[in-house]
Every structure is written in structure tokens, then in C-alpha cells.
Amino acid sequence: MKMNKRKGFGISIYIVFVLLPIYWLLIMSFKTNQEILGALTLWPQNFTLANYAVIFTDPSWYNGYINSMIYVSMNVVITLLVALPAAYAFSRYKFVGDKHLFFWLLSNRMAPPAVFLLPFFQLYSSIGLFDTHIAVALAHCLFNVPLAVWILEGFISGVPREYDEMAYIDGYSFPKFFIKIFIPMIRSGIGVTAFFAFMFSWVELLLARTLTSVEAQPIGAIMTRTVGASGIDWGVLAAAGVLTIVPGLLVIWFVRNHVATGFALGRV
Amino acid sequence: MNKIPDNRAWWLVLPVFILVAFSALIPLMTVVNYSVQDIFGPNSAYFVGTDWFREVLQNENLQASLGRQFVFSAAVLLIEIPLGIGVALMMPTSGRRGSLCLILLAIPLLIPWNVVGTIWQIFGRGDIGLFGWALNEIGINYNYTGNTGDAWATVLLMDVWHWTPLVALLCYSGLRAIPEAFYQAAEIDRASRWAIFRYIQLPRLKSVLVIAVLLRFMDSFMIYTEPFVLTGGGPGSSTTFLSQTLTTMAIGQFDIGRAAAFSLVYFLIVLLVSWLFFTAITHLDKEK
Amino acid sequence: MFRNNQSPRALMLSAAISVAGLGAAMPALADQYSDAAKKWVDSEFETSTLTEEQKLKEMAWFTQAAKSMRGMQINVVSETIATHEYESSVLAKAFTDITGIKVTHNLIQEGDVIEKLQTQMQSGRNIYDAFINDSDLIGTHFRYGKVVPISDMMEGDGKDFTLPTLDLDDFIGLDFTTAPDGKLYQLPDQQFANVYWFRADWFEREDLKKKFKEIYGYELGVPVNWSAYEDIAKFFSEDVKTIDGKRVYGHMDYGKKDPSLGWRFTDAWFSMAGAGDKGLPNGLPVDEWGIRVEECHPVGSSVTRGGAVNGPAAVYATQKYVDWLNEYAPAEAKGMTFSESGPVPAQGNVAQQIFWYTAFTSSMTKKGLPVVNEDGTPKWRMAPSPHGPYWEEGMKLGYQDVGAWTFMKSTPKERRLAAWLYAQFTVSKTVSMKKTLVGLTPIRESDINSDAMTEAAPMLGGLVEFYRSPARVQWSPTGTNVPDYPKLAQLWWQYISQAASGESTPQEALDGLAKAQDNIMMRLERANVMETCGPKLNEERDAQYWLDQPGAPKPKLDNEKPKGQTVPYKELLKKWEAES
Amino acid sequence: MIAWMSWTMPTAIFFAVIAAILLAMTVYEVVSPCTERKGFLPIATTRGDRLFIGLLTSAYIHLMFLGLSEVSLWLALGISVVWLCILLRWG
Amino acid sequence: MSLTLENVSHVVDGVPYIADANITFEAGSFNVLLGRTLAGKTSLMRLMAGLDKPTEGRVLVDGRDVTRESVQRRNISMIYQQFINYPNLTVWENIASPLRLAKMPESEITRRVQETAAMLQIEPLLKRYPLELSGGQQQRTAMARALVKDASLILFDEPLVNLDYKLREELRAELRELFRARNCIAVYATTEANEALALGGVTTLLHEGRIIQSGPVMSVYREPVNVTAAELFSEPPINLIPGRVTDTDVTFDNYAHHPLTRELQSLSPADYQFGIRPSHISLVPQNEDDLELAMTVELGEISGSETFMHVNNEHFHMVLQLMGVHEYHTDTPIKIYLPISKLFVFDVDGALVHAPSQRAGE
Amino acid sequence: MAEIQLKSLAHSYSKHPSGPEDYAIRQISHTWHKGGAYALLGPSGCGKSTMLNIISGLLAPSEGEVLFDDVRVNELSPKERNIAQVFQFPVIYDSMTVFQNLAFPLRNAGMAKDRIETKVNEVAEILELEAVLHRKARNLTADEKQKVSMGRGLVRDDVSAILFDEPLTVIDPQLKWKLRRKLKQIHEQFNITMVYVTHDQLEASTFADKIAVMYDGQIVQFGTPRELFERPNHTFVGYFIGSPGMNLVAVERCEEGVRFNGMTVKLGAGLQSLLEQSTSSNLKLGIRPEFIQLTTTPSDDTFECDVTDIEDLGTYKIVSLTLGNQSIKARVDEDHAVAPGKIHAGFPRQWLKLYVDEFLIEEQTE
């Protein structure tokens, strides 16, 4: 029991460490720029929602969130759609070049993004996808798909092959088995994978910014407008920052149990 | 479980292959093409052969940032992996409190990287940031923008703040996957807390740790946005890592050819390290 | 790529208009566009140098000119300052109402604007239909040939789309956007300068004046040279230290390793110190970047090639920047970017700033700030920047940024012309007065001299006076000597930051910078990608050879700190008024 | 359409060679699948592994030559080819 | 239908899993594959099901080559050692799933599911999910799913091994009942000789990937073709004693001499291995020519109704299976009697030379 | 080594049990004597593992007390109770070698190096693990792993007791024989209190001197294998022990004894009077298949039956009979010839048991 108390204390300290910077961002978003730059205050002296009002009343602001959410969702869907069969193949079959393909997929996470930006821009422009959500979604697949395949492969390996065989024996065709039987069985894995895909797509900015100009502009790019030749609009920046956390919070809320229990079956 | 040899599995992998090949191979080939030319715009390029590679390899600034990069990645791994394991061990194992911990811990992971940089940039400032202010209040002369040591500490602290939850999350789920019987057996065998960790938890965390270490290595080796927003690589070039040098070159100066050569060298380094690591781990598993 | 989303209703209307135009003697039938024009003119653009009738006529011209483009959607982009925010949220809407062309005026960080522009230039693919970017790129634009010169457009395909009442001569910044070939490349949209800023109220305080005189032997006033600035900085930071119980500083600047640190230098710092040659708007043959040109061909920036980037004057200027930042500015300043440091003087603890952008004027005149009086008048004033010991009469004294409309050849013609209409709209006399009052970034002589400006003058701390004086021509942006602004400008912040942090000495940092600059120019020469006036580097020769030549690079002065010189603000004002 | 990729003859040849090697190896593998074996490398490898190791080390050999010497790269290429053969045969 | 494996071999990564299997299963037969762990039982079943394709050889159904036919197109069922059910479907849906896939009318599905569930006594569980059930119930569900569709080939891969002893006994009995009336091929893999005996039918012995014997259970039991077969099909394992037959007598392991009586007389002089089942050894002489051996008790194990006595001397170790409860303490000297008529005789290579005959009246 | 006493032990996994069905263990009082080899036999879900975990201290009982040598140990951890336990599925420390695995509990107790060495080698020899002693435990086969797992329990000779939780589940049948023998030997050698949980009567009776049969959270009989076989105290014991289990026939009272299907079974006077003391109508007669005598000739105390099935199990046969509407199984020797058709079955009086409310009633003789 003593142990548990010590643990509780330790984890509390760590969570405070995690939350403090976020707290600071949060209270900043409720302060006026005047107060932010003036004396240091631990909570807003003149509580204001004006910073949020700026974002919520201006479509060119809030559209950024919508754009980001659109391409992130598209990315999650595409990632899962292509990664599931591939992970299944890697987990169940041996085929020419499998291990090399796997490592090659993984190696795409290792390519430094900066230099690939211009080719990416050229590539998507040349097929007329510049400034579309799908372009960003596809580009993010580059680093999300390999990870998804990796994670899912672990989960799928945790499901005995007998399930597949039994389904075939029962007369299921592969697609039908996959959709009706298999996917529900590894839904925790899918939840976890979706979480990771969401996470890495949501936080990425370089590619998203390069591949868009107006119609699909991500929030991260719009946020930079708080920095101008006449100073930084700290309050709005903080409010925008706080709002970028919200979708993530919702997602983690939905997959929390999968993350806790899901991995038990998975790659680990 | 034995895998069935069947080349038809390629059909299942094909979508991934096409998708990734489209997004990876074409740009990669383009980058290779760029790397032997001095590019100024469409149709205005000058063939330079391997000059860029030579320059990149012999450039002292780049070597210095490579060195810093390795130090940074090593530091990140050395801090975050043990800390992440520690946090995972401390997390409540079940129930509402477990979920709550999980959600709170995951927050930093879900914040866009530029916002992470911004948060710490503010948080660390001596005048308007709680952290910098508090340190100065208790008499520590802290200024992350002026002092190299402080800058490093802050960049590391930020990275630890940002990414330790990932390690913790992975480890947490890894720990959940250990059957209760192992703890029972250890208890029966009169194992100490340390022995339980050393002989039960740690070995069973190995596969998640592989993921964690690989991800953390790759991502920390390519870290750009957060330290750029935080310190801009300064003071001087003390926190200028490879990726920042590269990004400045590629999308600041649009010095595409040189940047391409640079990034290929960079890519080869990451590839080698990751491959060595990957191979070492997978082969250790097989070893009798 | 070109999308024509003309709605059926718009089609019908335009048909109706043309029928009306054919059949009736009436100049124009009331339609939705003229209604909109009237509404906007009455409600938003009331203050103007034009009469109501002139304004409506101008607007009617836009409606008419845009007829064939109705329903089109175009995207333009600019950085974030009050002026552009006004354009983005008000003018774009007004333009859409009046012309039927849908404009999205996107606002992003300045660095991102340049990055997008670069991407478009590098790829030849259209990203935005028009950019508002600083005229600093003039040297780049005219050399690479990827930009449509405005003057060509006005005579060529844009002839029918050029506003008859545009009145180019009325613009004050045309020099900056005109290349050596005599063509106008960009259309000014907003401009601001960097000047000296100081707390006039403190400078008037008798106790302080007395104390200063005691210590330094001359009057406290607007510093004319850097020696005086340094003395005053030292005075407030070390001798006065606190005013009314508050810690005060005699200097404010910024030093974070960030692209904006480069602006700090490329904008005018060396020219203020006197590193370049005489000449307005930019020094010739050596400009404030330290780049020497011969017949428009850049020939080098190292002293050994005849440039002045690492000459004694530049080293001196850099040294002063570093020293003052370390000794007289608040500690946080070292970690700030341009945008972060800008609002700091508004907090009321900075006595003077040598390098202050007038873009901050509006944010520093807000009521309730420590630097604003009860009646709304500022406690501060702006004045001409002091100059360094190497400076000579006839050289530029500061930086003036002209954000100007730029059109790329890679933009499809239809879209470019639609954007051209919008660009003219944002600078037309109907709207420019109002825009100037909102953003305080005047571009037209007529606006500057208007009654409205006179009325606003007391609140603006000398802004109006500055723009009305002929001295303003001493403030200019980067000139045509710089062959590739984006590539070269990126070098500056990286090398300067080494000096700022003490990692290397100013001399070492500038040597590196000069070498890197020459290197890039050498590559430009090698690849021979510039249509005109490409770099042709000089052979390296002994530095002394160049130092011995007249003009920049100038040899090191024996005494870099002459006696401080100040001038009372009132006298300065009188001088400006007298000249105008 | 592909002008933007800035192809040059040397890089085109380079990719063609790589593609040819991969194709050949794939055909070889399909025709006669190989099993893991242990040669002088410290780990058991398949043919494909050895090819990968060979290509990666060849890249490093070239970089080494570029970074440390002014010797012609043809030498590096020669060494790499020999090394690749040794590796595939005995690795 | 009949199922024939013709020269079937299965090699994975150079390791032979099944070597040259030739066997035919007749319609309506109940077949037991008996072999130790890793003997190839599962591999053989997978080949029969079509889950794996043989490296060599053919699989014939009613003489038709189906070697390359996909699993889905064959009408088979399989029950695994692990309790494999679709975890996301209810028991009802689990059982109904093969029928639904066969596009059977809903009323027919309902009828059949009810019927099968009743047969396996899982009607009260139909609305539950498999993971909420006990192991026995899960396996019953799996069986129901396998039985509901009238497959022509039903494969059982050690289905009872993870269940309680008593439950195993019951299900085994039920299985026998269930298959009595069916006209399909049932193949049942097990490692336990007793299970094979209890199930009856045709027994096939599998050892290291090879089929070593196949035939009606009692004939295989009574006449194992070689030592391996005898060892496999005996629990506790058959006792083996090496011996040398000369013209006059037989010497067991250079130790116990015995005159050549009864069946032994027909043996030509050579070295042999003699086998005797534990149940045939007794503690009291039953015939005068019983081989008497003096042993010491090593361990007595008492099952419910039997006692397994482990005895040894310096030459042999033997197991006796005695009816009833016998309590002997360790190290008690004891005499045991081996009836000569119950001896199995194998040659030195292990091939059967002689098997004891059954009493008349069988 | 210790005597383990359970006092009115009860356990429920739910926090607020609402009725007896919520209890995994219901009110058990029981004593395991010092140095005995015991088995805890029962079907899955009867609560036997729960009880084992309560004894070892992995689980705290909801009610009742656990005493070791008369000392209450409810609050003590397994470590403090000094108990060894072997689990159903092998639990090995897979990063260690077999040697390290076996030495682990000793090292944790701080034993001297050379003593550890001897002890481990001793146990390894018993379990025939010498060959793999220095291999990584991860690479062992399932039964080797389980041997290691058992070895870790056996290596400690100072323990209060060793508990086995169905340790042979994963072991190949051929090996089970060996290991059972090993365990028995080990017990005879070390004389440690051992409790062995299993659902397999053979394992239980092979291993244990006395067996506790658990059913539905209770111990229904505690006795020697012979007692369990010959005198099952509860119908469940009758059913569970023996293969096949005891034939149980529901009967009703009649004047001379009990009756079913119009057939009367006479009871002795003692038994008759005992029966009369109870009013319950839940009466069953039980007889083991082994004790049914089949003859082809009828006699006084035989009943005529139909043979419905004959199962030849090699060493014996099981004959299924119908007597009236009751089906009964009889077990006969392999050499005993039985033909389908009519047969006569005799139920020897001494093996005929009467159960009232599932429990045995018996005359107090001998």
C-alpha cells in the first residue's frame, strides 16, 4: 500500500509537469495581450473570451480547423484501408521481398521531410491536386501507412490463424471474412492505429503547409498570421493553440480503452 | 506461427506499395536528380556532378550539427526511455484513474509541433513564462535564449515533455499485456520489486521498447519544428540540428540541389542506424 | 485550372446590363454592383481625397472592367499587418461585391509568403494569383525574369484593365519598385519605415536632462550620431536605471536566431553605420548589403572583391549591435524575434530604440498603454535615426519597406488580370485614404497631404511629419544590387546570430557571411540563369587595394566614437517643416 | 509532365541499374527461392539481405571517397562492385 | 464421398512435415489419427482440408483431383484444439454463419440451428457471446457450427485436449453418438491412445510425418505393425524387453531364462524385442509357464478404479496396470507374472513378428 | 513445512455478493497436515484455484481465516508465508537461462552461491533438465518450460508448502507419466506439504495420499483414493471419480427399501432406519460400473437388462445396459465376452450405495 502511495505521488508530479505548460497556454488565451506582456499573473486578472471570439467569428480562422480535420480524417481512413490488407499479408504470408518491403516502408519515416517538400509540391501540382485535402491526406500516408502496417501487423499476428481458416472452411470469401469477421476482431488494434495516424497527421505541418494555399489550408499555417510586422498577437495565438488540442483530446477520449487494453493483443 | 509462403499476398500489399511508391519513390528520385545539379528554377539547372556531396561531407558546420544531432538523439533516448518506463510503472493499472492518467499523458502528443514550440517558448521566458520566471525567482539565472546550457536544457526538457508520453503509453500497454501469473510467480519466488522489474517487466517490454526507441530515434534525429520555434537553433548554432540546417537550406534559401545532396547523406545515416538497430533486435530474438 | 463559377443569376444580370448599355442613353442602370459600390462608398470609404462622384465613377469603372470575369475566384496572399488585415477582411469583400470577382486574400507570416513565392518561382506552378511582397526582391525579380513588369502589363495585356485614375505619379514608393531597366515591377500597396523612437516625456524631464549634461557634457536630445545614442542608452540603463520605481532601459533590440534577425541587418543597419556608398535610394556601386555592382552586375561582397560585407564599417556596426544588445537592452531581448520585441517599448520601460518600425505606430497609440497620455496623445515620438561614424551625407539613413503587388508569369493570364484589378482597387484613391488611416502605412502623396492626416497627426507621434518631409527619401528598401534576395537574405541571420551569441567575433561572422554570399553569386554566375545583370564576380585581390579606393569599402577609422551630438526634437520638427 | 523531376543522364542510368538489379533479383527469387544462410557476416542472411547490405555499404564507400579523398569515384564504384559480388557470394 | 491422399508430401522450408502419405477415408467412417505432438496430425488434416497445398502428390475426392481447389469450395468443417468461434457473433450467429454463407432460407437456418444446439445442449446459451462461455461450452459451440452444415468431411484437431477430464469423457461419448448416423468422413486427431480406443472406428497411426499403420481400431491395437505403433497405441506405454531366442530357450535381457513354450516355439533363433501391455501383467500366476520376475516396487499410482504399479529390478523397468486399488509401498519386493501368450514379439528392427491372439468368442 | 488450516473460509470475487451463487468458495473449514501430499480435485470452475491462491496469499479471502501452524496469516504476503506455487501454464523468466530461473527464488532469499549451485543441480537432475541448464529459458519446449516452472517450486526445501495448480495441463501425455512419478518421488524424498490442484482423477490419486473433492465451492469429500472410489460420500464424487462414473439411479421409498421401475431393492435394517429419519424424496442408488456383475444366467439377485452398446477399450470393455428405462454402464475385463441382447446384471449389496439429498447414508458398521 505504501508502494501505491508513492506511485500515486510520482505520477501526480509527472502529470503536473505535463499539464503546467498547457495550463500556461490556457490562461494566456484568456488574457489580453496587455496583461500577457505586462506583469506575470498566475491566472487571468481581466478574463476575456475575445481571443476565442476572433477565431470563432472569422471563417478564414476556423476553416483552418475544419480543413485540418478533413484531411486528417481522410488520412486515417486511407491509412487504415490500405494498411489493413497489407498488415494481414505481412502477418500471414511469406512472399518474395516481404522483409525488404517492410523495412522499405519503415524507411519512409526516416526521410527528412524538408527536401521532399518541393518534389511533393511538384508531384501533387502536376496531377492537379494542389491545395486539396486529399493531397495532404495522401502525403501524410507516407509516414502513417508504414507505422500503421507495423502496428496492425502486431495485432493481427496476435489473432490465431485458425480464425481465418475456420472462416474459409465455413465458406467465407476473403473479402467477406475480412470485413465481417476479421476487422471486428481487431478493432482495438484499429483503434490504436487510428489514434497514431490521427496523431501524426494532426501535428504535422511542413507537408500540409506546402501542399495547400487557400482551400485546404491547415490551422497550423493560419496560426502563423498571429505573427506580423507589428508584433505577435499572443492571446489569439494561445487561443488557437488551445483549440488545436481539443480534437486530439476527443480522439484520445474515444480510444482510451483501446490504448490500454488493445495493445495487450498487439505487437507487444 | 508459421507463415504460409504465397506470393499472391502481393495483391494485398499492392495498395500500400502503390501509394507509398507514388509518394516516396517519385520524390526520392527527384531528390536524387536534384542532388547532382545546381537548381535555380524550372529548366534552369546546372549539372555539378558529385560536388554537393563532397561539399556536404567536408563542411564543418554540417559535421558540427551532425555531432550535435547525435548528442541530442542520444540524450533524448537516455532520458525518455527510462523516464517513460518509470511513468508507465507508476500509472494506475485500471479504472477511471487509469483512463484519466492516460488521457492527460497523451495530451502533449496531440499538440501540433509548432504549438509545442510556442508553448515552451512562452513557458520558458523569464518575463512572461511561468517556468523561466519561477527559475529566476528562486535565484537561478536562467535564460534559454542567451545561455547555451540553458538552451540545451530547455530543448531537451521540451522534447522530454513532448515525447515521453509516447514511450510511457507504449510501455503502459506493454505492461498491461503481462499476464498476472508472472507477477504471482515472482511474488511466490520472493522476488524484490527491482527483480520483478528487471526479470519480468523489462524483458516483456522489449518489443514495445523496440518501437519506442526506433520511433524516438527517427523522430528525434529529424526534429525540426519544435526547437526551431523555441530557440531558432541558437544561441549561435548551439541548438542547430541537422534538420534545421537542412530546412533552412531547402525552403529558406531554396538551395535545392545542395539540400538534396545533404538530405541523401542524412537519409543514409538514419537508414544505417535504424537498420543496424532493427537487425540487431530482430536477430537477437532468433538467437539461441 | 481556371474555374469560371459564374452563377446563372450573374449571367442574367450581365446580359441585362449589356442590353441596357446598348439601348439606353442612361449611363448605367441601377444593378446589384452599382448598389454595392454606392453602399461601400457611403459607409466605408467616406474619408477620401476624392469626391463622392469621383469615387462612384472609379467604382463603376471596376464594375465595368470586371464584367467578363464575374464569378471568377482568385487567391492573393500577403503578410499579416493591420493594413493587409483590412484588405483581407474589408476590401476583398467590397471588391467582390462591386465586381463579382471572388477574392480570397490570404494572410500568412511574412516568411511564409516568401516561401510560397519562391516555391512558385522554383516550380513554375501557380500557387497564388498575386503576392504582396516587399520591394526588397526587386533585384531578384528583374534578373530572373519570372515576374510580369507592371509597366509592361499596363501597356500590354492589362491595358483594358488598368484604372485610368490609378495616378502612378501620386505613389511615393515607385523608385523602390523600379529596376535599372526602367520598368516598374511591382505596385506599392503599403509602406512603413524604420526610424528612431524615444520617450519624449522623459527626454523633457529636467532632472534627467541635468543629470545627462553632468555626466556626458552635452544636452539630452534626439541623437544625431551613434555616439550620442550609445551615451543615452548607457545613461538610462546604467545611470538612471529606475524611473518612478520601474526599471528602465536605454536600448531595445532583438537577438534570437531567427530569420527576422537578418532583416534587422539587411534592412539598413550597415547603411546607417555608413558602410556603403552614397546614393539614393541605394548606394552605388556598393549598397548597404555590401554588394558591389558594376553596370548592374554584382561583382562581389567580400572586401577582397570590392564589396563591404566584412569591411571595417560593417564590423563596427555589428559590434555595436552586439554590445548594445548585451549591455543596455533587457535580458529577454536576446531571445526575441522581431515580432516579439516590437511591442516591448509599449510597456513603458524603454527610453529609446534606434531601429523602430513605424508599423507599430497604431499598436503604440492605443489608449491605456503606459506610453500614451490620458488624452490619447503619445508620450513618445519618432525621429530620424542617428548615423554611425562612417556615414556621409547623401547616403540612405534608414529602411522603408514597400509591400507591393507582384504578378508572376506563371500565373494564368485571366487570373493575373483579375488579381491586377483587385490590386488596383486596394490602392485606388477611393479606398487608399481610409486604408492609410486604418493601417498607417501611406503610399500616396495625396493621402499624406490630406486634411484627414493633418487631423490625425498629433496622435501619431511624428509619423505624418516624417512622411511629409522630403527627408523620407533617405529611407529605402533593399535595392537592385541584390541578385537573389531569398537565397542571400537567409545567410544573414545564420551568420549574425553567431556574432550575437558570442560564438564568433563580428569579424569572423562577417567574413563567413561575405564568403557565403560570394559563393552563391558565383554559382549564379556559373549556372548563368539570370536573364539580365547576372553576377560577374571580381577576382579576389588584396583587401587593401579596395580599401584604398574611394568610397566603400572604407578603411577603418581611427576614432569610431566621435563626440555625441544631439538635437532638440522641436528643432528637428521645424527643420522638416521648413523643408516641406 | 516529368520535366520537373529534372532528370539527368547519370541519375537515369543509376536508377535504371538499380531497377534492373531489383528486377533480376526478384525473378531469381521467384524462380529459385533462397533460404537464410550464414556466411562471413555476423548474422544469417538471405540473398536479398545481402543485396541490401551491399548497396548500403556501397553508398557509404562512395561517401567515404567523396568525403575523405579527391580520388576518382570510378575507383569507389569498382570497389563497390567487387565488394557487392563478394558479399552476394560469400556473405 | 471418399477422400484419398495419393503420395502426399508436405515440405516447409526444407523440413518435411508429411512424407509420402497414402490413405483413403471412406464415406461414413470415423477415423482417428493417433500420434504424438508434432507427429504431423495437424499438417495432415490441413492438407486434407485444403488449407495447405501438398508439395507433392494429389488429394482426390471421389476420384476427382481437388488438390488445387480452394477451401471455400470444399464442403468441410473443422474443429480446433483452441476454442475457435467468431468472438463478435453470438452463439446463434456463430452456428448460423455457415448456413447463411450457403444462402439457406431463414426458416431452414432457424430449424437447423435449433436442432444442432439441442443436440449439443447449448440452447440456453444461444444469445451469449463465445467469450462469455466456459471452455466446454465454447467447444460445443464450435462443434455445433461444424456439424450444422452437413459437411462431407469433418476434421477434429484434438478438440478435447483443453477440457476437463470428465467433460472430455462426456463429449467423447456424445461424439460417437453424433457420428453414428452421419454419412460423412470424420477425422479426429488425438495424442491419447485411450481416446482412440474410446472413439473406435478406423485408427491411423502417425509418427514423424509418416503413416505407419491404419485400420479398424481393434486390429491396429491388437496387431501393431512395429514397436513404434505398439508404443503409440498403449497407455501406459507398452513394456519392452529385449530377448534372445536360441534353439532351446529364450533369455530376456541376458537375465531371465525361459523355456520356449506356446507361441515362442515358432520363433527362429535370433534377437527379439518382446512387448507386454501393462494390463496383462499380473501379481499372481495364471498359467504355469508365466514368466516370473522378481521386482521391487518403485511407485504405485492409483487411479479411480485401477492401480498403475511401477516396478523395477536392475534390468527392467515395467509398468503394471492392475484392476482395483492396490496399495504397495515403495521398495517392497514383489513378484510379477507375464503370460507368455500375451507377449508381442518384434524383431530387432521393430517389425512385428507375432501378436498374441484373442480368445475365442470374440 | 507447516500445517495449513482453513477456518470457515469463503470468497467472492464481487465486492457485494448478493447470494451463495456469487461465492467461488463457500464456507470451507479444512486442515492440510504437515508433510502430507494432497490433491484438490474438481471440475473447472469449482473454486479450487481460488482456494489455492488464498492459501498462497495471492488472494485475500472475503471471509474466514487461513492459519499456518495455528498462526493467522491472512495479512501476510506469499513471500512472508514462504510458500511455493506452480501454475497451470508455465511461468518462466524468459530472459534468464534455465539455471538462473531455478536459482531465482534462492537468490532472492539470499542463499550462498555454492549452496544454490548444489540445490539447482539437484533439482535439475530430478527433473532431467541438466541438458538444457544453460540454455535461455525462452527457447524451451512447453513441457520443458513447465518443468522449469515446477523446478522453481521444488528447489526450495524450506517452504511451508508447495502448491501445484494443474501443473501438467500443457505436458504431453507420454511425459505426464514420468512427471507424476517424479512428483510422487519428490514428495517421498522431501516430505513437504504439497497441495495439488487438478481436474484429473488419475493425477490426483496418483499423487495424493488424500484427496479433497471440490464441488461448487465446497469440499464434498476428503479421503484416500480408495475411499473416494469405494465409498463416495456424495453423488458428485461418485460421478466424478472413476471412468465411467458411478451409475446413479433415482429411486423412491417402499416398504422393504427402495424401488425404481417397479423393481425393488431391499435395504438392510440399519440403512432402512436411517432412511426413515429423513423425509427427503431425493433418493438415489449408486453403483460403480466396475462392481456390476454380468452373467448370462439369471439368478435371484440379478436383473435382466438389454445390452445396447459394447465399447472395447482394449484393456477393458464398457457395456451399456438398459434396465427398465434406466441406462446403466458396466465395466468388464477385456477377456470377458459380452454379446448384444439380453444379459443379467447383479448389484452386489456391499457396493450398492444410497444417497439422500446427494449425500451418502451408511450403516455405522465395522
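Things worth noting here:
Going by the order they are written in, the chains are A, B, C, D, E and F; count residues from 1 in each one.
Heads up, the rule we're going with is that contacts are C-beta pairs under 8 Å (C-beta built on N, C-alpha and C of every residue); 3 or more make two chains touch, one makes a residue touch a chain.
What you are looking at is a predicted structure, and each value in this text was computed from that prediction instead of being measured.
Seen from the Cα centre of subunit E, the chain whose own Cα centre is farthest off is C. The chain with its C-alpha centre at the largest distance from the centre of subunit F is C. With centres set at the average Cα position, the gap from subunit A to subunit D is 36 Å.
Centres computed as Cα averages put subunit C at a distance of 94 Å from subunit F. We define each chain's centre as the mean of its Cα atoms; on that basis subunit D and subunit E are separated by 55 Å.
The multi-chain contact residues of subunit B, meaning those touching 2 or more other chains, are 4-5, 7, 26, 30, 34, 39, 42, 45, 127, 251, 254, 256, 271, 275.
For subunit C, the set of residues touching two or more other chains reads 119, 122-124, 337. For subunit F, the set of residues that touch two or more other chains is empty.
Against subunit E, the residues of subunit A that register as touching in their complex are 160, 162-163, 165-173, 176, 181, 184-185. Interface residues of subunit B facing subunit F in the complex, by the touch rule stated above, are 179, 181-182, 184-185, 187-192, 195, 199-200, 202-203, 288.
Across the complex, subunit A meets subunit D through its residues 96-97, 99-100, 103, 119, 122, 126.
Across the complex, subunit C meets subunit B through its residues 115, 118-119, 121-124, 144, 146, 255-259, 330-332, 334-337, 486-487, 490-491, 494, 497-498, 500-504, 520, 523-524, 526-529. On the subunit D side of its complex with subunit B, the touching residues are 3-8, 10-11, 14-15, 30, 33, 43-44, 56, 59-60, 63, 66-67, 73.
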